[in-house]
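Heads up, the next two complexes both have subunit A, just with different partners, subunit B and then subunit C.
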Partner chain A sequence: MRASGAPCQGNQLKRVIVGVISVTLLVMLLAGFSSVSAGSKVTITFWHGMGSALGKTLDELVAEFQKQNPDIIVKAEYQGSYGALNQKIMAALAAKKPPTMAQAYGNWVAEYVKSGAVKPVEDFFAGPGGLSKDEIEDFWPELRVGCTFNGRMYTLPFNKSVAIYIYNLTALKEAGLEPPKTWEELLAASKAMTVVKDGKVTRYGMVLRPNVDYFANLLFTNGGRYLDPSGKKAAFNGPEGVEALQFMVDMLHKYKVAYYIPGYADADFGAGKTCGYFATSASYSYTDKAVGGKFEWGIGPIPYKKGPAAPVAGTDLVIFASATPEEQQAAWKFMKWLTSASQTAYWAINTGYIPVRRSALYLRQMKEWMAANPRNAASLNALKFAVTDPNIAEWQDIREIISQAVEEAFLAKATPKEALDKAAEKVNALLAK
Partner chain B sequence: MPVRGFTAKDAARRRRYLKETFTAYLYLLPATVVLVTFHFAPVFYAFYVSLLEWNYISPNPTFVGFANYAALLKDSDFITSLMNTVYYVIGTVPTSMAVALFVAILLNQKIRGLAWYRTVYFLPVITAANAVAIIWFWIYHPDYSGLLNGLLDRLGIPIQSWLLDPKWAMPCIILMSIWKGLGYNVVIFLAGLQNISSEYYEAAQIDGAKGWSIFRYITWPLLSPTTFFVLIISVIGSFQVFSQVYVMTRGGPLKSTLVVVYYLYKIGFEDFKMGYASAMAYALFVIIFTLTLLQRKYIGSRVHYQ
Partner chain C sequence: MIRGRSALWSAVICVLAVFVATCGGAPAEEAKWRFYFGYLHSHTSYSDGALTPEEAYAYARDVAGLDFLGITEHGYYMVENPHHWDSLVEIAKRFTEPGRFVAFRGTEWTHGAGHISVIEAPEPCSRDVQISFDDLVAWMEGKNGIASFNHPGRNEQGNWDDFKYSLGGNRTIRLLEVGSGPYPRNTFYEASYIRALDRGWQVGAINSQDNHRADWGTAADTRTGVVARALTREDLTEALRAMRTYSTEDRNVRVRFTGNGKWMGEVLPLGQVDFEIDITDPDPGDAVEKVEVRSNRGAVLMTFRGSGDEGGPDRPFRRTFPLVPRQGYSWYYLRIEQRDGDVVVTSPIWVKSRSELMMVDLRFDVPFAKKGAKGYLRGDIVNLGADPMHGVIVEFAATAGEQRMPIGAVKTDVGPGATVPVSLEWACPVSGDVTVSATVIDPSIPAYTENVYSVPVRILPETLPKIVVDEGHNNRSSGFAGKFLDVLACAGYEGVLNQGRITADILGRASVLIVANPEPGISLTPTTFDESELAVIREFVAGGGALVLAGSSDASDPSRSVDQLNAILTSVGSSMRFSDDEVQQEKGSAVSSTVTCILTPEGEKVLGALSLPVRMTQACSIADDRFGDLAGRGGVLILVVGGEGTKSADTNGKGPCHLYASGPVVCASEDVGKGRVVAIGAPVYSVYDFRPDLGNEEFMLKLVRWLQSR
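On to the complex of A and B.
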């Protein structure tokens, strides 16, 4: 018993010792791990306004980034509409608890910059994790202008869409017409697609919205701009602007081939009430849903008069000054990755936003997608004519003033020239402050 | 009268009084804390903000004194919003009160399914403005597919573009608001009506009073405290109209439905001019307060309290 028991006891002791040592090692190892991970894992919050399909694509990108960067946790949080996003950012800044980074329009950023709430992205350009001069210049020049305040680059462009003309291809084919390229052809196509029954219009060729964006589409394609080169004086009331507004008013009242609504037009388009409207390239998914396969539809650049132009709008990425340097570094890493050529190409292919870097257009996946989707490619090719909104804090006010002028002309309360002149006066007063 | 000395009984009574007072304040404390934190403090803070030029996030607001108030008087949009608000108040309050009183009198009868009717009338009050808006957008749809226009077209009356027409947008908002707010006034009127003792009606009937004269000489005077209450509350509420405008028109077309609180919201929470928005809030407060005092003075004196 004893003889046989001794080696057994010795074995047991050995086992116990080995066990204790291995457990201790394991605990030490785990403790070491967790202390290491606690030290190097950085959590950043990213507030955005990308709902439904767009949000899904963004989440995919975030997940991919986290896979490549296990030491950074990105909390991408959807805040609702852009209006809600701006309100939440402002409230968070007021409470001194902003997210690490967010999507923001240029005129919002202008307000943040004035209050010293933004960490300029150009602070991260130098060094190995930064951006070279070539890489910076790879961003579309127009978009870079929108990210620059007082001569410094504060933000990076992210989700930018280009204005497009969406049309009912089935109706267009029935009329025996090609997709319109010029204002004249747009008017002709709208006339051809308008259906009148018993003196009542049952289908319109076009729908307009009484807002600054519809006006801008025509202003830009007529060679006009909002402000003169100094940026301190209105230019939209010049002959280009007056013609642009007159063209819309004529579609409504003279030719009666269009009507106008204040809200989004995709529902009316899907219901077959209108055969055309202006939208942005980010609205493909909404149009697709509204049409639901009832008819064929197509997209093209905004028809032009003087020359093609591609009004581009959307938000940029901003890092807030109150984040810790580690968080800011992590946010920069994420931001740089998100706007890199291959990610912006993925983003563009899946959402309809434009690639923010020129080199993305030469990537294999982008070329393949453009070959398979020639109509989307057409709007991307227009990007060399990109025009963006001025990124000044007064921009929201100016948009409202111009929208009001457009509405006055639509309601025939004033001629296009009167309405625009009055608006220009207000804008000049605002810019002179 | 003999002068009484300070007795032990008095001391006990005093102790009890102090204890009760203390208990009362203790009970009041939670509500007071909530009110002070979320109501009174912001009210005073807003006044301070109204003296600043501040974008809500800047660490260095500029003190401008009463400049924001002076600017209000020169702001044509504010004047427009004030006029539109007055239009709205005049459009909603009298009609809404008259209709509510009529409905309340009908509901005060002993009819079948009374509870059901009361619920139905109250439903719009508690329904979110967004949900209500969906229905009313369809009613006011600017072409033939709209409910109202479809009806007009069938009657051979030219159709209107309702919410898109500066002339019609405000009446449209007023009609919808009357419908939405009706149930609230009905419930209060109903409570007032049920407070009137049936003895008065019995006495009047014995004296041979009928329908209208019963209403004129019994119901109307005895209901006057309720009517007065509804008037005050309706005027205050109507001056603060916001959600209907926010969901239906956003102040358009051409500022025809721009009302003070919507304008204030836009300035404060879209343009982030907090000082100016706060000044506007105070201006509105002064207007409402003055009107309420005037109503008390000129109408309150004619109220018949039982």
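On to the complex of A and C.
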């Protein structure tokens, strides 16, 4: 047996050791609950559908952001086509494992908002690193509408393109005509550029696609709208819509200055089968490749009947509510940076999408680029007349229904009025649910 | 003793050996062919399908019992994710076990022109990289892949310029999905198969499930049947390239189709072919119902019917028949239907002249051509080979009964793999059934005259009654009278569209002129009839012609008007007028401008009864020249009135009109001088109106006949 001093010393040491171990364990435990401890990075995941050249440009931007923000790691992951992207997001939400943020169409976001899965970007406006009133209003107003649900801004606009009319300038010049501005001029130009040899048409003035987008271009330029002001009833089958669809049907069957194809028209345009078609500003590179310098081509706004209109489509950036506060902050920082003037200008110049900030148009690099690319500048000028799709969850289905109606009318299975009335019935039933 | 016993045993062994050799069933030659079942087009989560390639191959092999499976991920996924491509290649290699299973891998090129799968190439392809069909063909060169046309829906996509022949493409694209999709009945693409074959593609028939779910091989019993020597990658790829394949909705039917002893997929020289069919199925319920032999343009040359259990496990379905091809380039395939409805389509056997040139789409381009009518004999010359052909001569001739009439010849150059149209103007000097033929003279074998193509043409007598439909004044229903013209042609009339002004020349020889109301708005043509046109119409009616005018409603639109038609009526001296109103029909609580109309007793008397009512959309009523009720007017025959619940209303508030409270007059006829004038509230002859559930077609025919009969 020893004197009482010796056991005391051993106990003290034991207690210290136990204490150190406990504290260490506690710290480790705490560290496990937080993805940020002093000096470590935040990782956010960003799911998108930008492949090929678009993906490359996005990767460049991500790399630049990370250089400027070494404490944030952005894992930008390509998920495939837009269809695949939405499916994966829905599956991830169901499995309660969504990414931190994603690229998403407004009508997908409507669905996410309904189930409370979205952290509204508005929540970040007021705090440090937020957006001032001027900065908020710097986003094109029409684009902001697309990001707003129940009066709150949930997302920021990201890659948007505007509908345009692409025409064979060489053929127009041969016909001694100016690029058409109105429906009437479009018809006259298409007629002049249609070539008939030995009873066979060897070149058409225009090509159409039996889909909702072509219909929308003419619906809006005829002063029509998809839905009535309440947003609960179809308005596309009104006189403006019927006229729009009838005009396309007449170009095909009555005036015989157009034909239609189910897919993209760039190849036909480049091959000289058609002298005009509708596309979006995001398809310049495809047109360029298809034409390959064989002839001069130009871009103009969609010809109008009642007044100019430029349908705009594309996705926005959304942050998911299940991310941790640190992840959300990091995602907000990234998306704010990505959509600020310099970055949106870089994005626009390299992809053909439109810059989402008005101030981007005044940046030197943007002005220089527009001067050097007057063709692309035309679509930017159309932004004043932008119109967007309704942001409702049923929108994908509604697009499908309207496309079917357009196809029926092209095939002369139904008159434009019959086809649109039938579609309106289906749409109203959907909206009533 | 031993010696005697071993001799006996030797003899026994010899007898046994012979017995076994002959009992193998077929002769040793045939015993080397085996039947394997699987398909080449499916997806996993490496693109937009489910699970992984390992799970897919294992499932296909163990659960579905397939002998082979091709996973063909969408190209753009593979190009974006090279690690997935490498992984797919490695997994396919791992799962391939000779005698047990063959795993194919590749990419699906998903272009707007149509989707094409390429298997066994060393790299993936993508519509974003190979942005055109020509790009894809160039990319495939030398890559040793095997490609197929996937689900080529003729009404859904351009089908690579309607299967225009491509020399480079034909080297690699050896197959076409006649059946595609994860459904038990998926043989949707025979029309495209026929078109591809007609235009020179040498492709074999396959079937794929194109799975996007975890159901490879079990989504349905559909398979591609492959006849190969063994279950190895080399043997199957040889069989696929040789097109010893068939598309089948039955999971295990064995089909042999040979010509002069050569398998389906082969090309035979021109001359008589002795075809043999041999079909068996291990399942008792799967006997053969019928077999059709199909050839160029999809013509069914013969039909065999199965009796009893022929084609089942116990009794093979066997038929033999000789055929002498009539064309310089022919293909023949079998379309088999089993008792349970399963459809099988085999690869073709080709019979080809000595030349690499062939002709497709030989035709006389005037439908319902009349004796003496000028038109063009047309066709496309396809050079299936790699040598340019300079100075190809095509000699046209026509045969009517015993009479042979040379027509003329054209000369042209056809580059390697090119398709070149040829045409020659012709007016047939006789009427009746005529056979038009084209002999293609290959410049490298100028004495060879057996590369002949022919098509039957029916030539109508010279003077057919002529009906003119005006489309030169932005008339309502312009561009939609095609079906009406076809119906007229079938009935022995000559329907003609007028695209310009109405002149005496246009109306010369015409017995009926149909004019629909000009429409306001954007137009490329005048929307009014000038004085000289009114004078021509007046003289036409005065000379005994029949004039049919078709109106349109005011549709609440003040810009709409029937003034032009009323100007014509005034000019010819008719007492009828079109009302500026709309005929409406009550449908429940709503009112519709689509109305059903019925013949009056007088109408039935002169036209005959109709089996269905006539439908009019946006029609106006017919009044007298004081806009009073036409029924009260003498000298006018009321032919058609609105049905139950109809009336007319002045929806644009403009007038002048007669408001009928019920049964508005929508069609009436008046004899004016030697001629006859008929006023109808709307054109009832557009393609929208000629439907089997409406009486419009019958009405128009009967009206035309009545007008003709004077």
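By definition in this document, the second predicted complex is superposed on the first by the 393 of 433 C-alpha atoms of A that agree within 3 Å, B and C clash if a C-alpha of one lies under 4 Å from a C-alpha of the other, contacts with A are read in each partner's own complex, and residues count from 1 in each chain.
We take it that contacts are C-beta pairs under 8 Å (C-beta built on N, C-alpha and C of every residue); 3 or more make two chains touch, one makes a residue touch a chain.
Predicted, not measured: the structure shown is a model, and the values here were computed from it.
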{"item": "Partners on subunit A (subunit B, subunit C) - clash or fit", "value": "clash"}
{"item": "Which superposed partner A:303 touches (first subunit B, second subunit C, both, neither)", "value": "neither"}
{"item": "Partner chain in contact with A:83 - subunit B first, subunit C second, else both or neither", "value": "both"}
{"item": "Which of subunit B and subunit C A:404 touches, first, second, both or neither", "value": "first"}
{"item": "Which superposed partner A:247 touches (first subunit B, second subunit C, both, neither)", "value": "second"}
{"item": "First, second, both or neither for A:111, with subunit B first and subunit C second", "value": "first"}
{"item": "Which superposed partner A:49 touches (first subunit B, second subunit C, both, neither)", "value": "neither"}
{"item": "Touched subunit A residues, subunit B compared with subunit C", "value": "C"}
{"item": "Which superposed partner A:256 touches (first subunit B, second subunit C, both, neither)", "value": "second"}
{"item": "Touched partner set for A:120, first subunit B, second subunit C, both or neither", "value": "neither"}
{"item": "Subunit C collision site on subunit B, chosen from 3-11, 219-227, 255-263 or 273-281, when both complexes are overlaid on chain A", "value": "219-227"}
{"item": "Subunit A positions touched by subunit B in one structure and by subunit C in the second", "value": "83, 261-262"}
{"item": "Residues of subunit A that touch subunit B when the two form their complex", "value": "83, 86-87, 90, 93-94, 111-112, 114-117, 200, 210, 259-262, 396-397, 404, 407-408, 411, 413"}
{"item": "Residues on subunit B engaged by subunit A in the complex (per definition of touch)", "value": "55-59, 142-144, 164-166, 250, 252-255, 269-272"}
{"item": "Contacting residues of subunit C [partner subunit A, same complex]", "value": "47-48, 76-77, 80-81, 111-113, 128, 131-132, 156-158, 365, 376, 423, 471, 474, 478-480, 522, 524, 617, 687-688"}
{"item": "Subunit A residues within the subunit C interface of the complex", "value": "51-52, 55, 78, 80-81, 83-84, 183-184, 187-188, 191, 198-199, 247, 250, 252-256, 261-264, 267, 286, 289-290, 412, 414-415, 418"}
